[in-house]
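Every chain is named by a letter (A, B, C, D, E and F) in the order it is written, and numbering of its residues begins at 1.
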Amino acid sequence: MSGKGKTDLIVNGKRLDGRKPEELRPVKIQAGVLKRADGSCYLEWGENKVLAAVFGPRECLPKHEQDPYRARLLYRYNMAPFSVEDRKRPGPDRRSQEISKVSREALERVVFLENFPKASIDVFVEVLQADAGTRCAGLTAASVALADAGIPMRDIVVACAAGKVDNEIVLDVNKIEDNDGQADLPIAILPRTGEVLLMQLDGILAPEEYKRALQLAVEGCMKVNELQRNALREKYEKLADAGEQKE
Amino acid sequence: MSGKGKTDLIVNGKRLDGRKPEELRPVKIQAGVLKRADGSCYLEWGENKVLAAVFGPRECLPKHEQDPYRARLLYRYNMAPFSVEDRKRPGPDRRSQEISKVSREALERVVFLENFPKASIDVFVEVLQADAGTRCAGLTAASVALADAGIPMRDIVVACAAGKVDNEIVLDVNKIEDNDGQADLPIAILPRTGEVLLMQLDGILAPEEYKRALQLAVEGCMKVNELQRNALREKYEKLADAGEQKE
Amino acid sequence: MSGKGKTDLIVNGKRLDGRKPEELRPVKIQAGVLKRADGSCYLEWGENKVLAAVFGPRECLPKHEQDPYRARLLYRYNMAPFSVEDRKRPGPDRRSQEISKVSREALERVVFLENFPKASIDVFVEVLQADAGTRCAGLTAASVALADAGIPMRDIVVACAAGKVDNEIVLDVNKIEDNDGQADLPIAILPRTGEVLLMQLDGILAPEEYKRALQLAVEGCMKVNELQRNALREKYEKLADAGEQKE
Amino acid sequence: MIVMEINEEILWSVKRDAIRALIEAGKRSDNREWNQFRAIELAPDFVRKAEGSCFIKLGNTQVLVGVKFAVGVPYPDTPESGTLMTSAELVPIASPIFRAGPPDEDSIELARVVDRGIRESKMIDFDALCITPKEEVWSVMVDLHVLDHDGNLLDAASIAAVRALLDARFPKYEDKKVIYTEKTKKKLPLKDVPVSSTFAKVGSALLLDPLLEEEKAMDARVTIATTHEGNICAIQKGGSGSFTLEECEKLASEAIKAGKEIRKQHLK
Amino acid sequence: MIVMEINEEILWSVKRDAIRALIEAGKRSDNREWNQFRAIELAPDFVRKAEGSCFIKLGNTQVLVGVKFAVGVPYPDTPESGTLMTSAELVPIASPIFRAGPPDEDSIELARVVDRGIRESKMIDFDALCITPKEEVWSVMVDLHVLDHDGNLLDAASIAAVRALLDARFPKYEDKKVIYTEKTKKKLPLKDVPVSSTFAKVGSALLLDPLLEEEKAMDARVTIATTHEGNICAIQKGGSGSFTLEECEKLASEAIKAGKEIRKQHLK
Amino acid sequence: MIVMEINEEILWSVKRDAIRALIEAGKRSDNREWNQFRAIELAPDFVRKAEGSCFIKLGNTQVLVGVKFAVGVPYPDTPESGTLMTSAELVPIASPIFRAGPPDEDSIELARVVDRGIRESKMIDFDALCITPKEEVWSVMVDLHVLDHDGNLLDAASIAAVRALLDARFPKYEDKKVIYTEKTKKKLPLKDVPVSSTFAKVGSALLLDPLLEEEKAMDARVTIATTHEGNICAIQKGGSGSFTLEECEKLASEAIKAGKEIRKQHLK
């Protein structure tokens, strides 16, 4: 939030991209898009394009990172150099390492890691085009890829942000709003219980605004969770169709 | 030694900070200042502030660095980024790696490493504020921290420098003298025998000057060694008091 | 190939260094020049000066790189910082890593690696002075060093380049010709069969030119192979002489 | 260095159950209230070579923060604003499990969370750090040097960083050269004083300013930075456990309360 | 991460004999001719934040190439020429044996071979990329992002890179600042359209556009880039096997032929 | 690469006792006096691409030193002085225990000790390397390339570096560009010729110019650089053993003596 708090981001109740304050950007989710990965998901969220892949459970290496009681969960968030306007140098920077850490923590208790002692479950997220909200998009895609890989989970984790723009609490902040807005509050939840697994805030919110933003973000999460479930259903239906045709 | 050999560093037999040529800067030593470390020492030497910590003997890792006959001694000299006027980038540079090497070598035969096969004894020195003489201050503090950790040693190693400033041989060169002086000769010795364990020279000395500087540095070492022993005594007296109070 | 295709590189059928189009630069080869290495070779090729050393077969480390069925072949091409006009930063850059890879691949099936399971055979090439053609010079020297180390091989690999300069196909391009010429085609072959083990091309060649350049490069290889064999013979004769003198 | 860490881990896994039982019984080993900070000792201006500095003792946790100034080129998209860079070193002096080397994810998170609290509160007036637009601006470098780790590095480092910034003074700048040996009386242009409060969640218990042993036993953690007007300006949730929405709201109120207290006592 | 690679290796060593037998019998598992490319699907302008981009599906191999422009200082020895930089990331998403980390020799070779094909064909008119001699030139950065590896990354990346360069458009450049959000209609000054063709050698068989399984079974490999006039402009032989001189010549002719076809269908 | 080093170590630990016994009996395996250098062969100007260079053979130890010049910006605190940078690579060609990779502490010490001898003797008149104050000065880069390690790299590298500096000639500098292909006749402005002498201590024996086997058996080492006027200008003690004050003084005199001899024979 460079947070100049510009006041022309919402005009007549509409945001610059035509959305209402509590409206999501269009979200498209497709499961099972890669051949080599055990599970995968391609996700578009507004102008964001991310690809998630899951490998595992497989042997955890190096061996000294093996845990005799549960699988190790690896999460790597990576931006393609051309995904942003100023070319990003390849390799992890401090921002992506932090995002990898909080995203991994959001998944660690949701995946039944205890089912796979000594193994590793590796989640890789590639941001192909970035337009604010990539950590939420990445985590949402990762969750679908985990399900696509058949990894047992308590629930499908889903993420979405709310924010403050033009003194109003809005859902799902885009790039311009992120640059000139006042606050961004990405969260991830367990849809079944509404518990918060990831939460970060950049920017100033009064306590009441914070409460409202939290609620709005949860509502956004629930909508995106529908799309996650649809994508997985579609994938299985296709598989089933293919199975029937074979018979 | 940029060694311009300026001639206004000693005026009427007094140095710029008021010291006589053979006078030490004030030295303060405190043992046992950290909770997590096995032994520690905080030391102020003029404007220098250093902190030393010892961990071990503990298992030596990675395992291929284990020595079946003796402990490995690790020594890491590190400067805090804000310890010098131009901010130093974090991490080891060539100077600090060299200082770590010669400091470790000065301690290697003094510690009874053969008592702890396969173990590691790790010495960490953090320079919090630097003003010429940090390698001597660090090694002097490290020695106290080793004693504080109860590591058996032949003797308490102590270090001090002599130098040439304004054509005169002086004890314990400070920052201004180091910048504009003619030579700096840091040494470390075993106080019991006077044997030299560390010696480096930067700058030009005639053979007679070298001899005089060596003697002066040894005298400085003996004075600082007194303060080391006092600091350890104080620490044990406090412990004893605490012990008595408990009873 | 910056490939401006300048037209003054061949005048009256002679190249700028006096050579005819199909003429090699002078090549000097000396085997067994280092004490510590198991095999070594010093080679001058025009203004190029390279040194190759071989260590092994020795235990392959780290252990996870051991192959139970054959030795690992390591090849490291390295340029000394002062070997080129603009000082090169020490350490591998992308160019030298590529050269190391294609050179290693050229040797991998020629050395009887299967004779030494779990071992490593390490080839190190240092470019001391560079003047175009260092990958060929290095591989040619490496081959002699392998023979000098007594490593069993199917044949002595040899390398040489042809190129296009001033619209003419020429042998063994030098630095000026490389900068201003039109194409450079380094190859390495097995002299006994003429099979191609390394081939790279930079620059534009018509199919007929490519055919002619290939042939010319093979001819160059055969000439250099003679010098390799002479150098090894000389080395063994010296050893034999020394042996006789001892008796 | 792996086995040591595992040994340290084994040690903690043994202690963990006892610690959790105590906490579930509503007790903390140092008898603090759940929403009480440990005693805080600050030694401001500890490092005279730095433009600003503060040594903090938060219980047995010790951190030294130094602030250095330099003159640099502004970022192209903010040509009239100064810059802030926050780095953290978890030097091996501070804990048996810290290792020398490039920053790992824990030290990166520490630096970024402290940075976020400062930056998002708008504490520093970056526009006032401009010397010549597009060409020269002051850059402020905050280094967090952790010396003894007994829990809650985030708040310890954050409080000391804010204090070091409050006290920092510009060096002389003449003929395009910074003269570090001469400090002026000019202080940083500041607009707020953020305070960071970190809560651990252990089972159903919530604990402000966790001890190391409480961190080892915790399920999750949340760090909330608040402004002097009683707003929230930065949050970082950590750990693999979860918070309910109610907890999220409750802890925000507590953070605002705790922030007021710290600000009054230590950051004036 | 070693054991996984070995397991992957064991898997392939088991399959290798069967694959080689099939190939020696003159068959490919997807029934292609020896000198036939797999189906190619291109999604040009896939990434709108880049100045040029192309997503390619070559069979099941998927690569995304992005082209970014920047303004920089020319090299001292070519003060009036723009620059080209090609990088490759074999991100772990694409294969169980790829690892995160600095580029290894395979990704370096991939980037350098794609770069060589572009550079040596004289595709880009670097002199036309000069803004102010000695001071400002355009630099073109090509990033090869491998997403799914089912063989022949070299040609997939090369074809997508050439297509991304064909479509790329300059961003606005004003007051010494590149405005990436505003693309102009101006395209790169191009002089040729190189096409890369890679052949695997398995026993005595030669196979254009090898599948991953064919690469695992191959003895050697050669990549030949050709120009629109039917010349050869770059070669890279790989693998530890050898080619006869006759094979070298034959494959050059085939590469010229294949190049014409690809150019006609996908790179206009 | 660890086990190899241990094997090499085991080898040496077996030999060590025999070597020490010989030395204690007052003998060296090559029959030299305790204060005698091995035969020195220099091949000056070995690398014509460098501005200065010298190949040295000190017994079987072989080192190649190259000196390159460049024009750069001076350090802010010495705006009218040129700069010196000395680097060392212990390339794996020179010894079975050297590994490729970033400089380790041995190569750092080698570079810094050679640098210190040159710098502290005031050999180079850095003020005469200024082209335009604050803007352009010559920087001298000395690279120590170790080719065969049979002991006493410190003196071998130092002698070759000094000789390379003595012979080095400036390249042409025109229109703010260094033209490396044209060397001028102008040599470096030099004020002294330092010589480095290294002594090993084995038991009570002191040995000038130690062989590798003597280094493997030694307790400690001291390197003393001396000036042409017979003063001492740099010292580096190494190894975990100790020297008495008397030894420190004695070796300083011997270093001055040995320095005179080397200077007369090889560095004129």
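Going forward, a residue touches a chain if its C-beta (ideal position, glycine included) is under 8 Å from a C-beta of that chain, and two chains touch if they have at least 3 such contacts.
Since the structure is predicted, the reported quantities are computational estimates derived from the model, not experimental observations.
Under the touch definition stated at the top, chain E and chain F share these contacting partners: C. Any chain bridging chain A and chain E, meaning touching each of them, is missing here; the list is empty. Note on A-E: across the candidates A-D, C-F or C-E, the interface recurring with over half of the contact pairs conserved by residue number is C-F. Compared with chain F, the chain whose C-alpha mean position is the greatest distance off is A. Distances between chain centres, each the mean of the C-alpha atoms, put D farthest from chain C. If each chain is reduced to the centroid of its CA atoms, chain C and chain D end up 57 Å from each other.
With each centre defined as the average position of its C-alpha atoms, the distance from chain B to chain D rounds to 31 Å. Chain A and chain B have CA centres that are 52 Å apart. Between chain B and chain F, the centres computed from C-alpha atoms are 27 Å apart. Among the residues of chain E, those in touch with two or more other chains are 2-3, 103. A ring topology is adopted by the chain contact network, closed into one cycle in which each chain touches exactly two others. Starting at chain A and stepping first to chain E, the touching chains follow one another round the ring as A, E, C, F, B, D.
Interface residues of chain F, counted against chain B in their complex, comprise 2-3, 78, 103, 105, 108-109, 111-112, 116, 120-122, 222, 227, 230-245, 248-249, 252-253, 256. By the touch criterion given at the top, residues 1-3, 64, 94-95, 97-98, 100-102, 105-106, 108-109, 185, 190, 193-207, 210-211, 214-215, 218 of chain A touch chain D in their complex.
Listing the residues of chain A that touch chain E in their complex gives 34-37, 40, 47, 49, 51-53, 55, 58-59, 61-63, 76, 78, 80-87, 90-92, 122, 124, 126, 128-131.
Of all the residues in chain D, the ones that touch chain B in their complex are 1-4, 7, 46-50, 53, 60, 62, 64, 66-68, 70, 87, 89, 91-96, 100, 102-103, 141, 143, 145, 147-150, 180-181.
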